[in-house]
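Two complexes are shown next, each including chain A; its partner changes from chain B in the first to chain C in the second.
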Partner chain A sequence: MLFYALKRLIYVLPVAFGVSVVCFLLVHITPGDPLTAVLPVDASAELQAQMRAIYGFDKPLPVQYVIWLGKVLTGDLGTSIATGRAVLTEVSRAVGNTLILSAVATIIGFFLGCLFGFVAGYYRDSAMDRLASTLSVLGVSVPHYWLGMVMVIIFSVQLNWLPATGAGPGGSAEWAWDWDHIRHLILPAVTMSVIPMGVIARTVRALVAEILSQDFILALAAKGLTDRGIFIHVVKNAAPTALAVMGLQLGYLLGGSILIETVFSWPGTGFLLNAAIFQRDLPLLQGTILVLAMFFVLLNLLVDVMQTALDPRIQRG
Partner chain B sequence: MTGTAAPIIDIRDLTVTFIGGRKPVHAVNGVTLAIQPAEVLALLGESGSGKSVTLRSLLGLHPPGRTSIGGSIQVAGKDVMALSGRALADFRGKTVSMIFQEPLLALDPVYTVGAQIAETIQRHEAVSRVKARARALALLQKVRIPSPERRLDAFPHEMSGGMRQRAMIALALACNPQILLADEPTTALDATVQIQILLLLRELQRELGLTVILVTHDIGVAVEVADRVAVMYAGRIVETGPVREIIRNPRHPYTQGLLASRAHGAMTGSRLDAIPGSPPDLADLPPGCSFAPRCKHAKATCVETAPEIRSVTADHWMRCMLDAEAAE
Partner chain C sequence: MAVGALDNKNVIAPIQVSDGYWKGVLRRLMRDPVTMGALIVILLLVLMAIFAPYLAPADPFKSSMLRRLRPIGTPGFPLGADELGRDMLSRLIFGARLSLFMGVTPVLMAFVIGSGLGIFAGYVGGALNTAIMRTIDVFYAFPSVLLAVALSGALGAGIFNALVSLTIVFIPPITRVAESVTTQVRNRDYVEAARASGASGLTIVRVHVLGNVLSPIFVYATSLVSVSMILASGLSFLGLGVRPPEPEWGLMLNTLRTAIYVNPLVAALPGVMIFITSISFNMFSDGLRSAMDVRA
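Now for the complex of A and B:
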């Protein structure tokens, strides 16, 4: 198993290399010079050349890449043009906040999704199944920023139960596990959980229905297992796929939370990306994308290894 | 039906109808069958004749909402139809257990073979994990699986077809049942492996005094292991008697057709499909003899009225109103 994990880790290296190249080129593909955002519009050609030399933009691309990669590997992602703070500091705080939001949303979505999925799969074509299926279809098809705004209108504006924006009191971006912060987490997390809830419910429903139709379920009943005993077998058979889908959903939320983070002004990576794009803050944009992409690669690795560990049918070759 | 001993399995006028679909499907239409302790009965018949449904009825395995069951089933002194919930679960696997056609599909793919056997033991008996595992190992040795210690922790997909069926037999025998139901246990296996599994079954049956119902398509298999044969057609038993008697003196035209098709076909493994025509639609059964549309001796009365049971000898009877003896 450990050997398999190591082998998979080695396979990840070329992917990581590709990701880094794309992130590096991002700065050079975007129209305009990366310096135009910093320099005054009427800067002289001399000044431009000087600045270019300072930033190393006059060297050939591969050389620039190697220098950049060397810095990245030592944790230097550059400096944000807008705030003047290290990109790494900005990104790691945002990653932490996004991780908290996405993880809590995924956990809520996983539990509700499994609940609905199992009920729907066990009682197929019953009223319960239709209710659970409708909820899960709504979950994947309702626009989430719209749902977010509805939640804000109901719970913040009308009922005044929960705060609508930010991650903590006074707009603080530093997370802490206390009630003042958790209050801020509830609305965005519940809104976001609707996505994994819908996907997981549908997956689990199909899985459970498929497992229940298999011969071994009859064989388990024939050897004297009670419904509860058979249920445990169904759960164990469904677990590898359900957990893999959960992992992929977490990855999806980590990278795709820009709308919800914007609606709730949640100081995470989506929010940061949004700010970086609108301020043309290229180093920040580059750093954020690089970190997010690497996250996704590692998450895929984790999901893969986990699924292999749980499902004996998958070859560990 | 030799002697006066009380039968261990006593099925009377069993009917099973599946009511979930558009039309009710009459899968079993009045099966009456008595089996003595330690007897081996081969249940023979074409695909769809209701063999598996009959076996599942003995374990009360039909989906309750979508099935209507009539008649009575007594197994080892228990009224199976009156059992439900916990009592039914206690009965399954303990008094009667079952092995299936395709062991790869009948074993849970994400549990090791050892875990599945131990689980069965712990379900029915209050024994420790360690003890259950030790018994699982002994069972694997009993069914002669090579290197049983290693197989204990193997998953079903890591074993060969023959080994899986041996493991399935070990699992079925885990709680020392009196009755073993085998639903085409060798159909999915290679010819040489088939013979080994049949020999193993016969040996275990003798050693443990098991009562066995063996479902098969293959008359060769029936001759090999069974004491008695029951031939099923469209949810009814049309003829039953001792193996030798049925082979030598088949009286029902359907049985005669089966035996003739075997004589024409290969010696073993021939499927019972050489009779012209096809079985009736179970959702729309004819009022008279259900074999009449395919029977070359059929008369007008056959189409109108269903035949009653007719004795040939003391333990040989059939459902046909013609005197088929003269016919062929």
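Now for the complex of A and C:
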């Protein structure tokens, strides 16, 4: 097991390296020079050359990459052009908020998805199955940023039950699990949970149907096991895959929270990305994307190792 | 008819089988009311986009400060007016043009590029396969929304840049599917037989591989159209895709966001269009998958 985890870790290194190259190159695919964002339009050629030397843009790309990577590995993601603060500080503050939002959304989505998936898988082709399947198709097809707007229209504008934007009195700085903060979390988290709900419901439905059709279930029933006992067997067999899908969904939400965060002005990484893009704050853009992508890579690794640990039938080597 | 022609038909028996196969697919599709319904909705949307100038009751660009945010049902504005007093119905109809174009094009482009790349990687195998697939893995390591936003954010707003970003987002998943089905087909006996009978690599790919791998890849690609619609409109919603004053559903949703306090029903309309389109493509793709009996 430990050996397998180590081996997987070694496989991840080239991917992590590739991800860092893509993030590095992001700044260089921008039209013109990365410096055009910083410099005034009428800057003299001399000043441009000077700035280029200061930022190291006069060196060949591979050299620039090595220097940049060296800094990144020591935790230096550069300085935000817009705020002058270290990118790492900005990102780590925002990541916390995004993590809260995505984790809560994933948990809600997981429970609802499992509920619908189990019902649909157990009572295949019944009315309940059709209802659950329809809900999961709706979940994966809905433009979630629009759903967010609709939620705001219903629960904030019309009913005035919950706040429409922001993350509570503490703003982006501090989060606490009290009602003042949680009421700000409800709408964005529920909106976001629709995506994992749909995906997990689909997966679980297929899993349950497949497990129920297997011979060992028939054998257990023939042995006289109660429905509850069989249910436990189904859960045990479906759990590793369902949990793996949940882990991956968390990763997708972490990286894809920008649309929801924009709708609800949630002060997370998506909000940061939005600001970075429209202020042409390239170091901030690059740093945020690098951190989010690395999170996703690590999460994938973790999910894979966990799945192997949970399911002894998976022989990987 | 010459006897030789008949003989020839018998030699290439798999083609006869695939002829029957397609008839079966069509028959199964016609019997499936949900899929046919979804297909009809998609066709109606396409017709709406093509004939937008004839269908729209008003000029989608003509604004009027006096008629801002008229509610649904106002005389002359059946679906109300937007934040600049433009006729919503006309803008929704014209919006189908850019929205459908932005949603479908990236998947088509990625289908061509990704299939080519995946079939090549799957067929040649070996070190080239490893090189291609490991590069694809790197792009797979980004969540799709993040990659789309990162690329179009770095490239800058605009229709072309958004299309390029989305195409890059969809190439890796299509390449993976193409590579895996090609690798399976490559090891089948009939490919072995073709090689033993002296067929060149290109002929084998053209005759034996393409026909067997394109349909699973195509079915997979159709399942991405719904995601692509949501992502493309999402980019415009963020201000990274289509620019004002062009009518596009995602962008309309963005500019109407502040209107939810004044006229919530009108503000939500463009999203309804995105939803209808995305769900139709999703259901059509599901139906196509089961009709073609593809497990990819």
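In this section, the second predicted complex is superposed on the first by the 311 of 317 C-alpha atoms of A that agree within 3 Å, B and C clash if a C-alpha of one lies under 4 Å from a C-alpha of the other, contacts with A are read in each partner's own complex, and residues count from 1 in each chain.
By our rule, a contact is a pair of C-beta atoms (placed from the backbone, for glycine too) under 8 Å apart; a residue touches a chain by one contact, two chains touch by 3 or more.
Note that the structure is predicted; figures quoted are calculated from it, not measured.
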Combined model on chain A: chain C and chain B, fit or clash: fit
Geometry of the superposed three-chain model: angle at chain A (Cα centres of chain B and chain C, steps of 10 degrees): 80
Chain B versus chain C, judged by how many residues of chain A each one touches: C
First (chain B), second (chain C), both or neither touched by A:291: neither
Contacts of A:246 with chain B and chain C, given as first, second, both or neither: neither
Partner chain in contact with A:187 - chain B first, chain C second, else both or neither: neither
Distance of closest approach, chain C and chain B, by C-alpha atoms in Å: 17
Residues of chain B touching chain A in the complex: 56, 59, 61, 86, 89-94, 97-98, 100, 102, 105-112, 119-120, 123-124, 155, 157, 171-172, 174-175
In the complex, chain A residues that touch chain C: 14-16, 18-19, 21-22, 26-27, 29-31, 137-138, 140-147, 149-150, 152-153, 157-158, 251-252, 254-256, 258-259, 262-263, 273-274, 276-278, 282, 285, 289, 292-293, 296-297, 300
Residues of chain A touching chain B in the complex: 214-216, 218-226, 229, 233, 236-237, 240, 311-313
In the complex with chain A, residue positions of chain C that touch it: 134-135, 137-139, 141-146, 149-151, 153-156, 226, 229-230, 233-234, 237-240, 250, 253, 257, 260-261, 264, 267-268, 270-272, 274-275, 278-279, 282-283, 286
